[in-house]
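Have a look at these structures, which come just after this line.
Two complexes, one shared chain (chain A), two partners (chain B, chain C).
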Partner chain A sequence: MIENTTVLYQKKEIPIRILHLGFVFLAIGVIGSIIGFVVEPARTSFNFVVLIAWCASIGTGSLFFIGIEYLSGAVWSVPFRRVAEVNSAVIFTLPLLIVPVLLNIHSVFHWSHAEEVLKDEILKGKSSYLNPSFFVLRIILIIALWFLFKSLFTKHSRKQDFTFEQSLTKKNTIVSAVFMPVFAVTLTIFAIDWLMSLEPHWYSTIFGVYYFAGTFLAALGLFTFASIKLNESGYLLEGLGQDHYYSMGALLFAFTNFWAYIAFSQFMLIWYANLPEETFWYITRGTGTWMYFSLGIIFVKFVVPYIALLPQPAKMDPKRLKFISLWILFAHYYDLFWIVMPTYSKDYFVFGWIEISSILLGIGLIIVNFYYFANKTNLIPIGDPKLKRAIEFHL
Partner chain B sequence: MNQIDYSVEPDVVQGSLSQRDINEAISKPLETKPTKLYYLALGISSTLLLIGAISLALTLYYGVGLWGINQPVGWAFDIVNFVFWVGIGHAGTLISAILFLFRQRWRTGIARFAEAMTIFAVMTAGLFPLIHTGRPWLDGYLFPVPNQHHLWINFTSPLIWDVFAVSTYLTVSFVFWYIGLIPDLATLRERTNSKVKKIIYSILSLGWRHSNRHWHHYEMIYLILAGFATPLVLSVHTIVSFDFAVSILPGWHTTIFPPYFVAGAVFSGFAMVQNVLIVIRKIFNLQNIITLDTLEKMNKVMLATGLMVGYAYGMEFFIAWYSGNPLESFVFLNRAFGNYAWAYWIMVSCNVIFTQLFWFKKIRRSIVPMFIIGVLVNIGMWFERFVIVVTTLSRDFLPTSWDYFVPTIYDIGILLGSFGLFFTLVILFIRTLPVVSITEVKSVLKTSQPVHH
Partner chain C sequence: MDDKNLFGVACLFKDPNKLLPLVKKIRELGFKNWDVHSAYPLHGIPKAMRLKWSPLGYIALIFGLSGASFGLFLTWWTMSVDYPLIIGGKPWFSFPAFVPVLFELTVLLASVGTAIVMLFVIFKLPNNRHPLNDTEYMKKVSSEYYGLVVESKDPNFDYDRIVSIFKEYEPSEILDINYQELELKYQPKVFDWKFILFLVIISAATSAFAYFYNNKVLYLPPFDFMLNQFKLKPQESSTLFSDNFGMRIPVAGTVARGEKFYPFKGKPEEAGTKLVNTLEPSEENLKLGQQKYNTFCSPCHGWRGEGDSRLNGQFPNPPSLHTEKLRNWPDGRIYHVIVEGQNIMPSYARLLSEKERWAIVLYIRALQRSLNAKQEDLQ
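== the complex of A and B ==
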């Protein structure tokens, strides 16, 4: 146990210019969105739904990554776990983003209009689930659970930096085991509430899995980018390199395929059965200018990452990985935009300054969050008993 | 509670075995005379096989009218058995290919048997689509072979996708298994004293000399094949789920079917591997190679996949209500409280409730409880397919034609026969080829690791 203390780690502060960069993004995003909420509240709210789902993905996907590391006993990822812990703090921004949408709930969620629901037999049937008060209650509970697990993970992990206790790893393993079913249920409810219920008549049993596939990809994307960047600039430890990068590349590749598999399954089954209750969702996205956007998703989220990551050397090439991990992170935004925005604008694709300010706001939040939380802790879990093995890790 | 030391890599093999001990322990069953117990097991399984063969022969002679199928329930045991056995096969490829890609070294003790099991299970499964057509002598038309009628196969039929998917899966699994066997066959060739065996092993080991160059090629092809086999794990059971999900029948048409079937397949496959290996490690004295830690990890995988299956059940139920579609909600209420409610609750209790016992470390590490849970999982997974196929069909769109399916003695005979075929092949395998990969186990020995100073 004492052996771990021999790992030489010198904490380096993240330079302040990162924070400045983040503030620039954040300022433009906030100003743009405020003007947006004044000028076009409905459109801005829809953009915020995309943003909320994206930030929730990054945060909870990072928690899932941490959980998987503990449960599977993974070794290679230990020196980078702090990056995932820092990224998972993005969930703390969720309440700030959710409140403006809840204030505009009637312009986003059709089912929130009580008088419309009464006219519609199907919506009447599900009004015990889809109603504003239960909806708000659910999101509060879900976010509270996410906060709880996030703080448990981080608390134990940080404490280990000082105490070097192995029992903390054990504790976090138990937390992870409990987290997994909670994660599956909360993420599914979140996906149904915030994405699927935008078209309240539409339903698809795989939808939670679909959102999960994108969630994990987005979190992996940010994780990979930040890890490689930090490692290259010497914030982490000596001896981390290609063998570790390979694991990141392989995971990105695997989950790109997994996402494609789930997306294909959903599309193929709805297309083949051709039931009008289900197909209208794809028809909206397959007509007008949305058709090009829909076709684009195949390339953006599958073909490009697939080809970029297929060769073995590509999975360990830091340059390629940095590019493609950011690509994947934004591909998830593209995907969410594709799910959400056709409800706002059925006939044609919309993109303007409101959409841009939402994206900038998201980027700003991620950067500021990273700066703030990365400076609060060691970037290496120096007390983790697996750390030494992780540094010696070779394929 | 025993403390795990996270700072050292856990040993896969216990009891500080040397390389020679590994050779001895694994080759022993191949080099000694079988015991009475072995013949007894073989006798039982081949009797079952015979029962199945007779039932099948009578079916072929008289037609599928001998089965319990009726007007709305046109698919029953044939398709249930097919999906069940294809599912069993999945754990093999998961253990051998996916865990290989994930660099899970504990797989070495169980991978060989799991791969062999895949092949036997898929062979057993492959029988059922052929006989379910009712006139198996016409099955040749399932293959895209030009013929004098200028009839081309219907590429939009899931039955055809099955033919392609299952035959590809069988081929790749077989090649993967065989490639892994080559170094072991060479080892056996060096060990054997019998002339006949020597000739057979020599031919099968393809001139393997354990040379550096051989190993280099071997590792490369093994990795590539693992990469090939991985999407196949997903694709085969996905195609099987498409058999149902592309239809418009409520209860069959639901988008979660592909990943749900894959999770269920891995779930039942792990239960089967765990069951058989518990017996094998005891009889062949392989407790140090197929360790309790390995079994515990398998139980954890079963817990995880069991929860995934439970998630899918819950999701189907929720969406059936959420959709506001009366046909959907009827089907699911009927499953839980209708004419086949007993089958539904067998399924739920075996797959979702009993497996929760694996949350407890004590149960994950005690042989008898885990064996019983494994058996229950397989019962539950068989009933899952029964629930999906039979309850859905028995209450179709037209209430006047609703009917209740009762299996006949021939249905049950063929089901028993499928177990007979599978276990006969397994029992023959364990005395013909090394049941654990000798070379892979050696590679995870402590003595074969690079030494750190």
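== the complex of A and C ==
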């Protein structure tokens, strides 16, 4: 058994100007989206689907990160675990985003029109799964499960700050072990429901993994940015630095490759098999102005992060990591936009004030969420038995 | 054992954390020739030693890039230039299909190349001559100890001073490391007869296994499942059709696609009078005729049509193509034999197109004239 060690940690409040900044983004986003729902409800709803998938990515990806830390017994990430815990609270904003889309369900999901489904043999076959009531039930269940695991993780972790009980780590490890399969199933169902079913005729059996790859990347992006920023401004402990950054950089690099591998696997199999019921999805995205957007995704989500993170020193350089982690966070938004928006506008690329306001809304939600939840807890899990080893972590 | 030379002085620790301050101290004192040894990579030591970045990353990059370009060349050359095959109606050069090959070759060359460079260029294998090899020190750092050596060739080397520095850090042991001059001249015995014999036995065993596996084992049930497929091979019977023939006879009154109706079936004399060779006796046509003759006719008729079969009596030898009778046959009569066959000779209609048959006729004429030249050929 490892001895518990007390570390000198002085909690510092996150400055109020962060909240103000968040509120500015949030205000613009909320006003823009409300106007959007009045003027162009369909387009705004589609943008909200992107936003929901993005926020769900950040939240659940952070939960996954916490889970693998416990399960693998990772040491280096312990001082930063609170950052992931704070980021995972983004899932609490999901109901606020989901309700307006559910109100406009008929303009987003083609399969929600009962009379259209009756005319369509394929949709008739899928209707036992793709029908509005079961859809709503599923999303409620999924979000409830996410909330449950999020609160279990945080409860045990925070309790440890006061009690220093090592058994709490054990408890969270068990929670993680249960969470992993739940995460796999719920995230796949979420991806199928909210992204794949936008084109109800289309299917790709790898889609859940594809969404997971982006999910973990986005969560890692925000995690890396927030951790480095907090550490540089002295909110964390002395002695955290390059060696810890390297692990973040290596994870970002690894999952950039993983995403590219999965994305290419999905594309190549559909391209090779050349079945009309699968290819039309890529044809929509490969024609007209969408083609340039689709080609851009190769560079935005793979080539740029890959080259930027390839050299070993680059994975330790906080400046570059901060830039590239934010880049990856928004590359995931780009990716989701690419998945969702061609369904709304098949012929040409759309980008306007509605899109901008929903991005700003997302940024605002993340910042405000971060401010509230970061101020609620210690930013260092001071009771964690692995903390001392984590601070002394060297490559 | 008299020529003992001091290689260096070493100290051993049981606790890796005690080693780290000593490493920093040695580095600060400005020693140049010194090294740290442990059984596994120690966190923080490379940084404390101020080791330079290894060039291995660039080597991996170079190997990876050459793997990628070789993969691109390979796929492009084989799939688009040398042997283009239509696969799923895709273009000859369809990049997405090549990406897996490129990826595999990149990874393969990068990893194998890097490993080979590391082992044979940087570590200089099979060099076994380092003075540290086969010493008490090396045995200990390979198991439970962590060691540091300062070499005697270091410009600042001063035995007593170094030992006193070591003692400040309370090591478990301080060792002198000696080596013999002879040791450095030792050559590994690569061509030792035992080693050669070992290689021979291994390669013989591997070959024998490969031979039996590929030629015997794969033909035994149940490993022969690839041989028994649910498809019909030539001459096989089939229960699907009522006459139990696997090979089907063309429907009466039809002509296969790309074929022409042959009106002189069973009428060789009529074919001889009515058919005319439409081909020019050009070099191109004669070349074609030669190639097809050599492929399809020469096994029985011989390279020059003299009836000297290469089949070693498996079939009766055909008569020479240079007889008076054949020289006087019209072109159409020879053509008819190619189409219908004669005596033991089967029909070659399915193997040779119309143009190829006529080209063969041209070539046979050329062969005949090579032995029995006409008067005007000699002028």
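In the analysis below, the second predicted complex is superposed on the first by the 390 of 395 C-alpha atoms of A that agree within 3 Å, B and C clash if a C-alpha of one lies under 4 Å from a C-alpha of the other, contacts with A are read in each partner's own complex, and residues count from 1 in each chain.
The rule we apply is simple: contacts are C-beta pairs under 8 Å (C-beta built on N, C-alpha and C of every residue); 3 or more make two chains touch, one makes a residue touch a chain.
Only a predicted model underlies this, so the values are computations on that prediction, with no experimental measurement involved.
Participant: Since both structures carry chain A, what do chain B and chain C do when superposed there: clash or fit?
Facilitator: Once chain A is superposed (C-alpha atoms), there is a clash between chain B and chain C.
Participant: Report the partner of chain A that touches more of its residues: chain B or chain C.
Facilitator: B
Participant: Return first, second, both or neither, reflecting whether A:311 touches chain B, chain C, both chains, or no partner chain.
Facilitator: Only chain C is touched by A:311; chain B is not.
Participant: Which of the two partners, first being chain B and second being chain C, lies in contact with A:342: first, second, both, or neither?
Facilitator: The answer is neither, since A:342 touches no partner chain.
Participant: By the touch definition at the top of the document, which applies to A:121: first (chain B), second (chain C), both, or neither?
Facilitator: First partner only.
Participant: Touch check for A:272: first (chain B), second (chain C), both, or neither?
Facilitator: In the superposed model, A:272 contacts both chain B and chain C.
Participant: Could you tell me if A:250 is touching chain B, chain C, both of them or neither one (first, second, both, neither)?
Facilitator: First partner only, chain B.
Participant: One more residue to check, A:203. First (chain B), second (chain C), both or neither?
Facilitator: first
Participant: Return first, second, both or neither, reflecting whether A:184 touches chain B, chain C, both chains, or no partner chain.
Facilitator: Only chain B; A:184 stays clear of chain C.
Participant: Which listed stretch of chain B (57-65, 111-119 or 273-281) steric-clashes with chain C in the superposition?
Facilitator: Superposition on chain A puts chain C right on top of 57-65.
Participant: In the superposed arrangement, what residues of chain A touch both chain B and chain C?
Facilitator: 268, 272-274, 395
Participant: If we count contacts the way the header does, which residues on chain C are in touch with chain A in the complex?
Facilitator: Touching chain A from chain C are residues 43-44, 46-47, 53, 57, 88-90, 96-97, 99-100.
Participant: Quick one: which bits of chain B touch chain A in the complex? Just the residue numbers, please.
Facilitator: 3-10, 101-103, 231, 234, 238, 242, 245-248, 253-259, 304, 307, 311-312, 315-316, 319, 321-325, 359, 452
Participant: Would you pull the chain A residues touching chain C in the complex into a rising list?
Facilitator: 243, 264, 267-268, 271-274, 311-313, 393-395
Participant: In their complex, what parts of chain A are in touch with chain B?
Facilitator: Going by the criterion above, the answer is residues 1, 3-4, 72-73, 75, 121-123, 125-126, 129, 166, 169-170, 177, 180-181, 184-185, 188, 192, 201, 203-209, 250, 254, 257, 261-262, 265-266, 268-270, 272-275, 277, 384-386, 388-389, 392, 395.
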